[in-house]
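Same chain, two partners: chain A is paired with chain B first, then with chain C.
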Partner chain A sequence: MREYVRMRNYLKDYLRIYAGNYRIKPPQIIILIFLLTLLILARVLEMDLVILFNESLVKLVMNGVLVLSLLPMLNAGAGMNFGMPVGITGGLVALCISVNFRLTGFTGFFMSLLLSLVVCGLFGWVYGLLLNRVKGREEIAGTFIGFSIIPLMNYFWTLAPFQNRQMLYPIGGQGLRPKISLDPYFSKVLDNFCLLKIGGFDIPLGLFAFYALICLFLYLFFRTRIGRATLAVGENEAFARLSGIDIAKIRLIAIALSTMLAGIGICVYAQSYGFIQLYDEPLSMAFPAISAVLIGGSTGRRAWIFEAVLGTYLLQTIYLLTVPLANEILIPELTEILRTFITYSIILYALLYRNRRGIVH
Partner chain B sequence: MEKILEIKNLSKSYNGIPALKNVSISVRAGEIHGIVGANGSGKSTLMNIISGNPVIRETGGYQGEIIYRGSRLQVKNCAEIIRLGVGMVHQEFALIPDLTIGENIKLGREETCRFTDRLFGRKYSFIDRRRNNEIASQVLKRLGLDVDVGVKIIDLSTNTKQFVEIAREVARSDLKLLLLDEPTAVLSKSDALKLLEVLVGMSRGGLGILFISHRLEEVQYICDRVTVFRDGEVVSRYKKGEINVTKLAGDMVGHQVYKANAQKRSVKATPVLCFKKFSVKMPGEEIKSLDLTVYEGEILGLTGLSGHGKLALGYGLMGMYPVAGEVIFKGHKLDRMNARTNIMKGIYVLPDDRQALGILPEHSLAENIIFTGDQVKYLFSRNPLGFIDWKGAYGYVEQAVRDFEIKCSSPKQRVKELSGGNLQKVCIARALTVNPQLLFVAEPTRGIDIAAKEKILKMLIDINRSKGTTIVIATSELDELKRVCDRIAVLVKGRVFKILYPDSPDLEFGLALAGEEGANYEGIRQDEELPEGLPEDLCG
Partner chain C sequence: MKDRELRDKLFNIEHLVPAVFLLLSILAWKFSGLSGTFVINQVLTRFIRDGILVLSLIVPVVAGMGLNFAIIVGAMTAQTALLFVINFQVAGARGIVLVLVLAVLLSVLVGFTIGYVLNRVKGKEMIVTIVIGFLANSIYQLIFLAGFGSFIPVVNKEIILSRGIGVRNAVDLGMYRNTIDKLWLLRLGEIEIPLFMILVVLLFAGILYYLLHTRFGQQVKAVGSGSEKAELAGINVDLLRIKVIVLSTVLAALGQLAYLQNIGMFDVYTAHLNVDIISCAALLAGGASIKSAKIRHALTGIFLFHTLFIVSPQAGQNLFHNAALGEYFRSFVAYGTIAFALVINIKKEEKDQEQG
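Up next is the complex of A and B:
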């Protein structure tokens, strides 16, 4: 017993030193156990683990930027961004414009990024103004802002004067299709850029470089003066106000930044996935992202880049493994059920955990 | 006499830093055992261990033995220890603000109607509100407090809240041991006295009490035995009769306490800050059309009973609450009460509530010290984006740590791990980075042990003398103001009632605080009796 405690303490110290103040909490333990079970099962069922590993790398970045987009808002004390659909629809508008002009390859992709920065900057600014008026209830307000922007944008998708026939409904020729293929334009343009093949392993270096760039940007952002003010506002708003910080401005910047990153995130997602998904699709995209950052060890009050990356990888790998496994040993429909169950129960856990802390301390 | 609690060779360390070393104490039935020690001497750790606070287990448990009424104590959480008959009163309030006094006192132990007891079982039975309130008000009367038990906690003053908190523990019939963590810290002296008498009465009835306090006179007054802690060790023990305030103080700090004292001097009456018909709408501390002039280079004290507005002045200047009226700083009118612009102009405010307003708990010591300088005056960075020049910043912080003797393991230590006195030093160090000409300090010594208290007062005097910073100290500690200030303004009902001097007689302070016009005090002889109804603690 004493040995065990000593070992545990040693392990904790080790983690503290090498991962900052990182501490393993129950959700990570559960997820890790789950992941290990899945891996063992996959091995027993003789699945090709190399292919699964390759896919997991792509999935990490595909969803990773969306998860990273939560950080500025979370650390500014504006809560988990349940209103992520705002940023996502902004990014979708940008993607549609690029496709409308038939931009291909990197031109198309970077044009979408640029446009989404513009569109999401605008969206984020309005979204920030709204959230500043509902301080303390950002999460629930964000959820409903997300819910209400979807039908609004549905009008836009059907009525906007897009010209590219490949985007429009084949019959009638008006209104965008729910699923627009990016194949002729910039599908997998990042995935296949600098793809390193070693044996059976495919390492998407270009994709990783892009992801690393976003991480680096956030890392540097939190070290700028505004970034430091953002952290301070999130941690102790009264203190920040007394120290002469313009709370509303800082929150606005953080929320706009989160929205812009969400826009970039959906561009990366779409090029990996190969399709632009419109209409009600963005509605549920916030939840896996929030779930990921929570699995990474965030308490839902603040989060670090490391937590976001770790959480995304764990969650996405689980998603990835459940598909073939469920197909093999259970009924195939179970996959989607399992995914949804994991996603939502983790958010629920975080909410429970956070509120309990609030009462105790 | 039966030993209720016996602690043998208790040791505890956090991350390898010892907090308690081989501590042994015991509490007998019917005894009040006092524990005194400076901040960071291990008193709170001891409390946390006995009360089963999960923090202890999370940080690796403790070594040693705790025997409670004959059997070894092994509790996993606070609820268990409460079931065993131990009551706790913490420094911070654990009351539910939206419930009434009566409901709070009987919370979880409500009397229920007998009829519905049988009908639905005790758990779902109706609460007999009348009987609850009766019992609650009886308990409060026993504590010498006459207040309507139907009032909500949120509407009570700090004093009354503390009494309700104690009443809740007293109301328990199964109480065997009571742990009190600085129960009188927020009370005025007369209220504290009332409370102490109740405690003595309770201990006569066979209750064991473990009493932690900073106020040494109280310890001398009520304790049967006293144990003095220093740096996690027991340094001395005294029995009733041997207890002596100076000896306790000496043991606590390990050396003679130096009392900060400012040289008397006369300050030229050049105004640096003028308030004209200034009002601040701070709930519970309102200022109403106040006129006050602060002279350049002086230390001005602001005092008054709680609720009369002494804390609101600084917050008002920083735009934390709505204000009205006019403020003239160095000949120019301040047209907007905005923290940023006012800090730029040279005004800085240190809050009274350090935990809530004074620090970024999760940030490091260094980040806390440089925060305002960095954010407002763009110090410590040399590029437009504001990346910090850490070499320069750490150099500055290390200098500050040395100058102010801030006890920390390194400038990277998280600030929430520091003790109250050190936190205050961090706050002052932060203020000095922006080099203010006018510094407002609210309750600078609240919740800080004596040795650190004097150091902080001395720091303030030094800053004033060496840098010429004008300092305004708002506090209820009259004795400290008298030692430090050049002038002392007494606030009554949100206005300056009178401006007195450190050498003004105590009687006059007392009268001013109570809002009594002592018109010409030459007429009142020093030995004359105080007017009736005047709280005695006001007269020092």
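Up next is the complex of A and C:
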């Protein structure tokens, strides 16, 4: 019965958002037009669309888990997780430990996942306690907590007693390199697992299976009692408190879960990319992920798994298509500029739009 | 009871944060082994470089809008004005006046837009100003890396990359370098005091002080203590908030011009980066919070924060034989100060609300 009421409310919300206005939101229209233009241009420039399509599939999962990691916090009403570097650095610690013990293949990858759950659980718990102190302003506080953990972790990268010579600076032998190659360890283990080749198309079934598993986990999480309580807290905190939900605890769980998923996300990202990137690299990783979930149609107050997947695919395809295009008109820097421009304008739009006609509250 | 009041008065954040900074600075200075005169000269340079930028943050804080990270946009408008004047090769005094006029005009325009946007997100100004800053940075890059030479006619070929599109990474400001810094240079032993520029910074501080005590200032304070009350008192809150942001942006633009002419070398794409973070951290180091800021916080904050900033790389080198560790320390201090202020203040705000 309760399930039915929840579904009905969700459908109502959904209709009000989409059908009520008889339109998709402007940013999505712009993004779709932009994507179409890019595709036409790619066609005109005679780029190999099959290769681009293959790449887009890998990029979807490579960044997809990081985007999914936003959902628990968003739905718990803790806002967009601008403090994602907390989870990312936790995942990087796990990756570095695996590489330090020279674990290869799936052993290495799953060991990193396991370790990131532990490290990020710890990080996320502290992060959650901090964010619980700043209810309502999580986003700005999260931004700066994320910014400050980067130099703090730089100490760790420089001073931690890692032994594997391939990770250390070649000269001096102290401190990790900014970019550690995963080639001898577990580079692309998921990408190449059950890779299906049909004609020119490469479908990375293993990668998709892993992604689907994470989606399924989130789907099931939101159906458990804690998950439903999370949604209730995000929907209406006062009402949730009246029905006896321990709000601080639920938020803490959601924030820790988001942080742990971010850790797993960076592990997937690193194995696809083939490198561990340390130091200042995680600083701006939160922004593309946030804009992806917004492109997917999230209001910035709640988000569903489908929106996260769709948004990631759209954003990553646009990112992919801008590279050869910028090279074609001989301004290679344009790629990065266009990417940041798209990312930040979408986030700004969502911040303005959300506050003007917040759907919840 | 009285002891407790006294203790609260002495050991609040307003005094604790500067005390911690002072302690850290002295410690880091001891370990760095740098000479006192060197540090004093450097700090004085930083004072005239960053002074106006830090001052530009005060009014938005008083108006209850928090730290205005969008001063970075003001800095960019100043750089835009400068680049256009260099491009069209207006030299000498006419050039300087033109830069000033253009910078002020542009920053008024931009400040108005930002103020308008911020009126739609009351209570979340800070995160929005951060995103505005990032977005403005990519628009700035778009204009100067892709627009110059393709849409904007290039007169001065020297500032353009060899491919014909886009401005070079660094543009020399030889003609403007240290033009006003060397005025009234006072020498006390080895310490050089650029008296004129210090007076300029103090003049800006004085103007702000005066402004905050006029009717305008009273209204700003009223808005800062609660929009509803101010509205009941007949103040047009939205318009006032726009005025506040315009004032802040114009000050930031002027501050960035002072900064650039002091450095004398203009890194087109990096000179403005972190201007917002460093200025905010300096203001907070002086004992300001995101709810209250005074002129004296800005002035002492610059000294405290920049002393630490100057000595920490050398201290890292001496302590750990690794200058990078000192660098990490100072970026941690910059970000950490702001994070700390946010966490502490928002908590306090909640408590006050519960009591009130």
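We take it that the second predicted complex is superposed on the first by the 333 of 361 C-alpha atoms of A that agree within 3 Å, B and C clash if a C-alpha of one lies under 4 Å from a C-alpha of the other, contacts with A are read in each partner's own complex, and residues count from 1 in each chain.
Rule of thumb we're sticking to: contacts are C-beta pairs under 8 Å (C-beta built on N, C-alpha and C of every residue); 3 or more make two chains touch, one makes a residue touch a chain.
Note that the structure is predicted; figures quoted are calculated from it, not measured.
> Of the two partner chains, chain B (first) and chain C (second), which one does A:Leu39 touch, if any: first, second, both, or neither?
Once the two structures are laid over each other on A, A:Leu39 reaches no partner at all.
> Look at A:Ala248 in the shared chain and tell me whether it touches chain B only, chain C only, both, or neither; answer first, second, both or neither.
Neither: A:Ala248 stays clear of chain B and chain C.
> Who does A:Val126 touch here: chain B (first), chain C (second), both, or neither?
A:Val126 contacts neither chain B nor chain C.
> Looking at the overlay, what does A:Thr224 touch: chain B (first), chain C (second), both, or neither?
Only chain B is touched by A:Thr224; chain C is not.
> Go through the superposed model and pick first if A:Phe239 touches only chain B, second if only chain C, both, or neither.
The first partner, chain B, only.
> Would you mind checking which one, chain B or chain C, touches more residues on chain A?
C
> For A:Val118, decide between first (touching chain B), second (touching chain C), both and neither.
neither
> Taking the touch rule as given, give the residues of chain C at its contact with chain A in the complex, in rising order.
66, 117, 120-124, 126-128, 130-132, 134-135, 137-139, 141-142, 145-146, 163, 165-166, 322, 324-325, 328-329, 331-332, 335-336, 338-339, 342-343, 346-347, 350
> Applying the document's contact rule, which stretches of chain A touch chain B when the two form their complex?
5, 9, 220, 223-226, 228-229, 231-232, 235-236, 238-239, 241-246, 302
> Could you please specify the touching residues of chain A with respect to chain C in the complex?
82, 130, 133-137, 139-141, 143-145, 147-148, 150-152, 154-155, 158-159, 174-175, 287, 330-331, 333-334, 337-338, 340-341, 344-345, 347-348, 351-352, 355-356
> Provide the residue numbers of chain B that touch chain A in the complex, in ascending order.
60-61, 315, 318-320, 338-344, 349, 351, 356-363, 367, 371-372, 374-376, 378, 381, 385-388
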